[in-house]
Amino acid sequence: MPRYLLKRLGAAIPTLFIIVTLSFFITRWAPGGPFDEERALQPEIMANLQRAYGLDRSVWVQYTRYLRGLAHGDFGPSFRYKNFTVSELIAQGLPVTLELGTLALAIALAVGIPLGTFAALHRHSAMDSVAISLAVLGIAVPPFVVLPLLGLVFGVALHWLPVAGWEPGSIRYLVLPVIALALSPLAYIARLTRGGMLETLRSPFIRTAVAKGLPLKTILTRHALRPALVPVTGYLAPAVANIMTGSLVVESLAGLPGIGRYLVQGALNRDYTLVLGMVILYSSVLIAMGLVVDVLHAWLDPRVRFAQ
Amino acid sequence: MSSGLWRGAGRRLRANPAAMVALAVIVVLVMLALAAPLLNPNSIEALDWSQVATAPGVAHAHWFGTDRLGRDLFVRTFEGARTSLAVGLLAGAVSLTLGMGFGTIAGYVGGRADYLMMRIIEILSGLPLVFFVIFLTVILGRNGYVLYASLVAISWLTMARIVRGQTLSIRRQEFIEAAVATGGSPARVIIKHIVPNVLGPVAVYATLMVPQIILVESFLSFLGLGTQEPHASLGTLVAEGAGEIEAAPWILLAPGILLALLLVSLNVLGDGLRDALDVRDPG
Amino acid sequence: MSTAAPELEQPTLRIDGLKVRYGNSRRGIDAASLAAVRDVSLQIFPGECLAIVGESGSGKSQLFLAAMGLLAGNARIEGSVRFDGEELLGLPAAALNKIRGSKLSMVFQDPMTALTPHVRVGVQLAEVRVHHAAATWRAAERSALDMLERVRVPDAPRRMREYPHELSGGMRQRVMIAMSLMCDPRLVIADEPTSALDVTVQAQILGLLRDVRAQFGTSIALISHDLGVVAGIAERIVVMYAGRVVETGTTRQLLRAPRHPYTGLLTRCAPNLHAARLDRMPCLEGQPPSPTEPEIGCAFAPRCPRASGLCREQRPPLRRIDEHSEAACHHPLAP
């Protein structure tokens, strides 16, 4: 298995490299610059600014400087947030976004898997039909519609939870955003678990387990769950991507100071380095998730593991 | 095979209550969206200062209420629906064509061309494309062309992959060999034989692709990076509404519920089509 | 082995009038229902090995799957299955689970697919005792190791920690047998236990079953399509055809002097009823009837060299022929 991992890593690094390079050169070759929006500046000040941000050098020099910076974890200065480097902004916002994202994924798994299992066990019953319908709803409706609606019901109408805002360490502000973010992956995971479970429960080894008189709980957890979850592991990487994109709107809407909000602001303000840094960051996370998923997939099925 | 397939599928689809309801909902929404300007005299831009941010009501002819600027929400919501649908269908059509072209060629020609094409698709699939779209809008500015191009760029991949898979399996069948043996040029074989047989899965994924595109477009518009003023898509309207849920909740409800209905119905219809045509993902 | 006359002893397993049908439950379209088992009664006494022999589709597996409660939800079961006097059909899952795996266990045909691929062998063995005997994992694993050694799995401690795909076919089947014995069952149902194995291993497994019976005194219900296989181990044989019993008798008598023409043809032409060879059997032409066809007359009549008009019109009931045998035939073979 280590050999397999190495191969995947080997494929991942060039991909990341391509992303960084492509993104960088797009920013440099694109029409217009980061300072176009500001009031027309006098040529000398413009030249000074350019020199300060290293924009007066050739593209290749800028590129190598950027790469060297990246190796040290330095994404360069933000063009908009004048006193901050991109790295500092990331350091500030990342914990919030991580908290939001991991909670959402955890809930999606913790609720989705049992729900899907339940639906599979009660196939053709009313509960199953309800579960399937709810799943379609969850999959189709995006977080930026769900969150305001949730806020309307639970925040404005019922006054149970805050609609927006943030307090470090306080869970209350995270409840609605996490739910809104988790809904879509949850529905998907429930559907995949249901399918995988239905398939697995038809296997001969489940029949053996039943013939052994084992209780349902044991059959489910020890014998059925691992193979049933294989389709779910295939979905994990897209789920993370889904949560990452969802976090952009959720953070903006709920006023959570995470990197998603910075990205959106950066996009609206045409802050090149910020956006560039974010894109690289998100891409790396996604690629890393891809690797983690592959490992998980191999672990879930010992036949795959030993077949390498 | 083709006509029998469609007829059987039609029957199965009609027996699927959820899909039929979804279809009905879509038809109603589309008709309303097209007819809205005729039903309500207000224009999308008219600012009615006397009725700023008023709740829905029949008396003042603002059936869905008005927004912060006094614009009638009924008309704006359905204009948003028209925009979203137009984007979905247009970008969808382009993605469809691109995906089919790419997919059939890759599947038919095979060999190194196919290998190369698949590698490209793989790499592109691995990237978080939404972020790239955001990236591009930052760089190239917020205009319609960038929006459309990026939406297409995200969607055609899945279509290409599915079409390629189908083409591969069809190509191995005997009647294709016969067609090639009787001297058909590749283009002719593709158009006459492969395309009709690929239409099944294509129809399913096309139906599922449209809500995907509408979703991404709404997402971008919500963030302010998509459709620009004074035009609004459902995404922009939801963004407006989200900011007003405490003071004027109706601004959110109309476009929000409409968007949700649209997306859910399209998805249910696509799922129904998939069951009816018994399509499995060959990828 | 019991020496008392069969009638005086309480059978371990008693099946009466068992019918298994599959209906099409979809509203509207109602395909003909499928009768897997049309009407079967049999008994298995303590300590004896009863062989149930038939072609595929004869219902021999369905019979016992129904008894164990392992059939799909759309199966309709009628009749009675009494295990040590207790009715199994209709028993709620909780009560049934106390019996299955402990007093009444089953060994399946293909050990590769019948064992859970991602759970270690030792765990699959031990969990039976943990659940049924409320043993601790430690104690259960010790029992499992002991059982593996008793079924003569070499290097048992290592096998305990391995996964099923790491074992050979023969070893896997030994593991399945060990699994069925973990709680000292009264009856083990072995469904074609050697069909997926090659010939040399077959003999070993059969020998193992014989030893098991000698060691533990369990009854065995041996389902097979191979008369040759059962001849060496079963005391009595039940022959099934098209969902019904067509003949029963002691092994000796049945093989030497069969009464039903079907059995007669089988013993004379080819002891192995494997489906792949059926169409090459010189004296048995045709196919058994499909389970969806309605029964008119004797199911074997189309292929029977002794069939008469009566056979085609009236289904022969299972008649007792002498103290140990029964046959369902209007014109049974002479002894």
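Quick notes
By letter and in written order, the chains are A, B and C; residue numbering begins at 1 in each of them.
Here, a residue touches a chain if its C-beta (ideal position, glycine included) is under 8 Å from a C-beta of that chain, and two chains touch if they have at least 3 such contacts.
These figures come from a predicted structure and were not determined experimentally.
Shared contact partners of chain A and chain B are absent; no chain touches both.
Ranking every chain by how far its Cα centroid lies from the centroid of chain A, the top place goes to C.
Chain A has the Cα centre that lies closest to the mean of all protein Cα atoms in view. Distance between chain A and chain B, defined via averaged C-alpha coordinates, is recorded as 23 Å. Chain centres here are Cα means. That of chain B falls 57 Å from that of chain C. Separating the CA-averaged centres of chain A and chain C is a span of 54 Å. For chain A, residues touching at least two other chains: there are none. Across the assembly, chain B contributes no residue that touches 2 or more other chains. On chain A, the positions that touch chain C within their shared complex are 203-205, 207-216, 218, 222-223, 226-227, 300-303, 306. Considering their complex, residues 68-70, 93, 96-102, 105-106, 108, 110, 113-119, 123, 127-128, 131-132, 163, 165-166, 176, 179 of chain C touch chain A. Residues 15, 18-19, 23, 26-27, 30-32, 133, 136-137, 139-142, 144-145, 147-149, 151-152, 155-156, 163, 241, 244-245, 248-249, 252-253, 263-264, 266-268, 270-272, 275-276, 278-279, 282-283, 286-287, 290 of chain A touch chain B in their complex.
Residue ranges on chain B touching chain A, taken from their complex, read 18, 123, 126-128, 130-132, 134-141, 211, 215, 218-219, 222-225, 235, 238-239, 241-242, 245-246, 249, 252-253, 256, 259-260, 263-264, 266-268, 271.
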